[in-house]
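Some structures to go through are shown next.
The same chain A turns up in both complexes below, where it pairs with chain B and then with chain C.
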Partner chain A sequence: MLIQCLNGLVYGALLFSLASGLALMFGLRRIVNFSHGALYMLGAYLGYSIATKLGFWPALVLSALALAGLGALLDAAVFRPLQDRDPLIILLVTFGLALIAEDVVQTIWGNDTHSLAMPALLAGIVELPGSSFPVYRIAIIAFGLLVAGGLSLWLKFSRVGLFVRAASFNPTLAAIQGVDTDRVSLMVVAVGAALAGASGVVAAPILSLAPSMAADILVDSFIVVVVGGLGSLTGAFITALILGQINVLGIVFAPEFTALLPFVIMVGVLIWKPTGLAGNRV
Partner chain B sequence: MTPLLHYDAVEACYGHAQILHGTSFSVDKGASVAILGRNGVGKTTVVNTLFGIARLTGGTIRLAGKPLTRPRPYSAARAGVSVVIQGRGILQNLTVRENLLLGAATRRRGPWNLQRVYELYPVLQERADAPGTALSGGQQQMLALGRGLMANPDLLVLDEPSEGLAPVIVDELAVVLNRLRAEGTTILLIEQNLSLVERVAEDFFVLSKGRIVDQGKIAATGRAELQKHIAI
Partner chain C sequence: MKNSLSWLGFAALGAVGPLAAHFIPAGMTLSLLAQATFAAIFALGIGFLIRQNGTISFGHAAFFGLPGYAVAALLPLKLMPLEVLFAAALVGTVALAFAIGLVVVRVHGIAFGMLTLAIGQGLYEAATRWRAVTGGHDGMTLRLPREVFGLPVKLLQQPHGMFVAAWIVMTLCLVAVWLFARSPWGRLTEAIRDNEERVRFLGYRTLLPRAAVFAASALLVAIAGMLSVLYNAFISPDAIHWTASGSGLIMAILGGSAVAWGPLLGGFVYFFLKHAAGAYTTHWLSIIGVALILVAVAFPNGLAGLMIRQRSRP
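After this line comes the complex of A and B, so read on.
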């Protein structure tokens, strides 16, 4: 049971590190980014290629940086020009970008699954009462907590964090105070994309790399963002942890309902509290 | 002398709805000017055009002689214009202190900082960690004005600052605005409360259907004449 709970935390941490970027982007740009899962997938594949030459840690850093650049490009070329258009257009465009990314991955890396070796530093096992647990999986939980803590501190105590919080609540009001909301948005999308890329690399040693990996986790990420409260990091954190437990414990205790349960919870929460659990912005 | 703010035949719209139809007026440095007009004539659009919220479709806006060809909300702020918007615009997800710090986003140098705003309004320091919207209406107006001052503006624009305030609070506001003006801040006041206008502004422009239709000195114009311009 303890092992299952820990595995739930591992998945919850991964979900949060991916969904946090999605939540930040929605909070600031009011966009539903269907290509976010593709950023995660590209990060994983890029990390795989870099790791084969330079090892895991450079792959983690370089992949996150590359995805940050891609995120900045995405914001400047897609999100900003389309921000005042019908949300359905952005949804369709980002969905199209996700399909393109999947094709690119299939062209470069093929349809076969790949795996990335975990770093030697984290390759051990931790002995627990009655069982054991991989150190790498504990490191993933730590990664999720690090992302949550880092983002919270950044948003709460930095000057840019103040601007992000202001702009996510009322972008026009923030802008007339002198906040360059375009630049802040670019930064946030870049950070969100970097987190997606880093999450892909972090997940790669425990999940298989396949072109379908984007879609697999994207749905759960959207549930995290919607149930948590659109744009809310705190809500996303709580929901990711709950969803992680549901996913893992569901497989053990009610495998026939595991796929269904997150959607049932989402519908229930939205009926009970349409603004989501936290119900406010970043 | 080059005016600090100059509107020359400005036309502006929201979407396809044109609101300003050739609005022209000037505000000199150090002046205190009121824009009067009935509800819905485009007074707030005058401000919104300066900040790029309403789309500038014709004419020219000049700030200290420099044309704002494509106004953006943050470009006007960075050029030294600070606005206290109608309804105050206090962000509920920020504390009082954070709302004030947001006002310093432009990092313009000048006499105003957090400490000086706290000296002006000690209640803001006492409630520094409370959510901005937890303050009373009068305190929120202090916060909005304090946030505007944190930008160390050359031009302070106030859109209906007395709205919803008790007369005693409006009196205090008039004292503070006169003090600011005495210290050299240029003030553009959009207001329907003549009691405040008469105490703060020297000159006035009357806006009607998106055009300036009258102007003059407040002191030389009777209350009845001014009242005529703002009667609903």
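After this line comes the complex of A and C, so read on.
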């Protein structure tokens, strides 16, 4: 039982580090990035290629950096020029980008599944009362907590964080007060993309790499963002943890219907609170 | 005057398909045309939702596959005649869509897209996991009786017969969409789309009409799915994957949803574009991605918008 809860935490931590980027982008620019799953996938595959040459740790750092660059490009080339248009256009454009990314991954790495070896440092096993648990999975939970802690400190104490909070609370008022969304957005989107890429590398040793991985995790992180309240980090954090538990406990108790459970819960929450658990707050 | 012109247009459109089928030699092209017609009806449903509700669905493929799955699963039980089963599957799909609609139309814009994507993927997951009923990833083959709706099934499984039947259904669907848009309900939903708050001030309730439009768009999509199942006698989870929803959406946007016939045009263009691209390269995903980006950024009103603008230019 304890093991199942821990596994739920592992998935929750991954979901949060992905969904946090989505939540930040929504908070700042009121956009949804349909290519976020593709960023995660690209991060994982890049990490896989780098890791076969240089090992796990350089792969994690380099892949996150590469994705940060890609995120900056995404902001400069897509989000900024289109910000005054209908937000649905960005939705469609990022959807198109996700299709292209899937093709790129299929072309370079093929349709076969790959897997990445976990770093030797974390390859051990922890003895718990009654059973044992891989150290690497505990490291993923730590990674998720680190992301959550780091982001909330950044939002609370930095100038960029202040701007992000202001813009997500009320974009118009923030603009009147002189918050230049464009200046912070490059950084925020880059950070979100880097987090997606890093999550991809971190997830690679326990999940296999396949071109369908983008869509699978994108859907779950959408649920996290919508149920948590669009743009809310706290809401996303709580929802990610709950969803992680549901996923694992469901597999134990009702394997056929696990896949449907998150959707049922999402629908329930939205009937109860259409803005999500923590709507309109960061 | 304009009214009777429109009816003349519909009659002409309805006649074009069967006539064309007469001159095209049976085989590959005709088979593709039949499948393109399913795609066009699918796109018509998605475009209808965009036009009347102003919302973009990323999960409509679920309603395309659902009636097919219902028929495939219930057919071997021999509970009722096939015709009744078809009708029941359609009614069931629409009822489910209405129930889902009551929830999802409360959210707007982007969140609606995310929600419909999530619901569609939820059904996809269910179809792949619930192996006992759905056959999992392998899908299911239908054993159809010899006759359906008084027509021999063989006729409907030949490209020629199915293309003519699907084309006529498509024309009827277009007429229905056109009539709906001109009805008081159509006007009401368009008003809600433009400003829901004001319509509420006028004393209308806005939830039910929006949910009804959602259900109606699901019905159109379900009809397309039904024709496809009749023709192929096969259903698999690929039909309800989110990329299928995405293709339908691309067709509707490519054609332009501002006029009723836009998505139909988009459906045919997309289908043949994809097929032509597929013959030359394996990179059709990229081609579609690039096409979607181009259309979304440069021609938000799609091909139909482009054609209308050309015509009205002095």
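Here is the rule we go by: the second predicted complex is superposed on the first by the 280 of 282 C-alpha atoms of A that agree within 3 Å, B and C clash if a C-alpha of one lies under 4 Å from a C-alpha of the other, contacts with A are read in each partner's own complex, and residues count from 1 in each chain.
The rule is short, and it goes like this: contacts are C-beta pairs under 8 Å (C-beta built on N, C-alpha and C of every residue); 3 or more make two chains touch, one makes a residue touch a chain.
Just so it is clear, the model here is predicted, and its values are computed rather than measured.
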Chain B and chain C placed together on chain A: clash or fit? fit
Value for angle(chain B, chain A, chain C) over C-alpha centres, in degrees, nearest 10, is 90
(request) For A:L162, select first, second, both or neither according to whether it touches chain B, chain C, the two together, or no partner. (result) first
**Request:** Please indicate which partner A:L88 is in contact with in the superposed arrangement: first for chain B, second for chain C, both, or neither.
**Result:** second
Quick check on the superposed pair: does A:N170 touch chain B, chain C, both, or neither? Answer first, second, both or neither.
first
Review point. Which of the two partners, first being chain B and second being chain C, lies in contact with A:N111: first, second, both, or neither?
Key: neither
Exercise for review: Return first, second, both or neither, reflecting whether A:V267 touches chain B, chain C, both chains, or no partner chain.
Suggested key: second
So, A:V219: does it touch chain B (first), chain C (second), both, or neither?
second
The chain contacting more residues of chain A, comparing chain B with chain C, is C
Contacts of A:V179 with chain B and chain C, given as first, second, both or neither: first
Taking every C-alpha pair between chain B and chain C in the superposed model, the minimum, in Å, is 16
Going through chain A, the residues touched by chain B and also by chain C turn out to be none
Touching chain B in the complex, chain A uses residues 159, 162-163, 165-166, 168-170, 172-181, 280-282
Chain C contacts chain A in the complex at 56, 58, 100, 103-104, 106-107, 109-111, 113-115, 117-119, 121-122, 125-126, 129-130, 242-243, 246, 249, 253, 282-283, 285-286, 288-293, 296-297, 300
Seen from chain A, its contact residues with chain C in the complex are 26, 30-32, 82, 85-89, 91-93, 95-100, 102-104, 106-107, 215, 219, 222-223, 225-226, 230, 255-260, 262-263, 266-267, 270-271, 274
Chain B residues touching chain A in their complex are 51, 53, 72-74, 76-78, 83, 85, 89, 91-94, 98, 101-103, 105-106, 147, 151
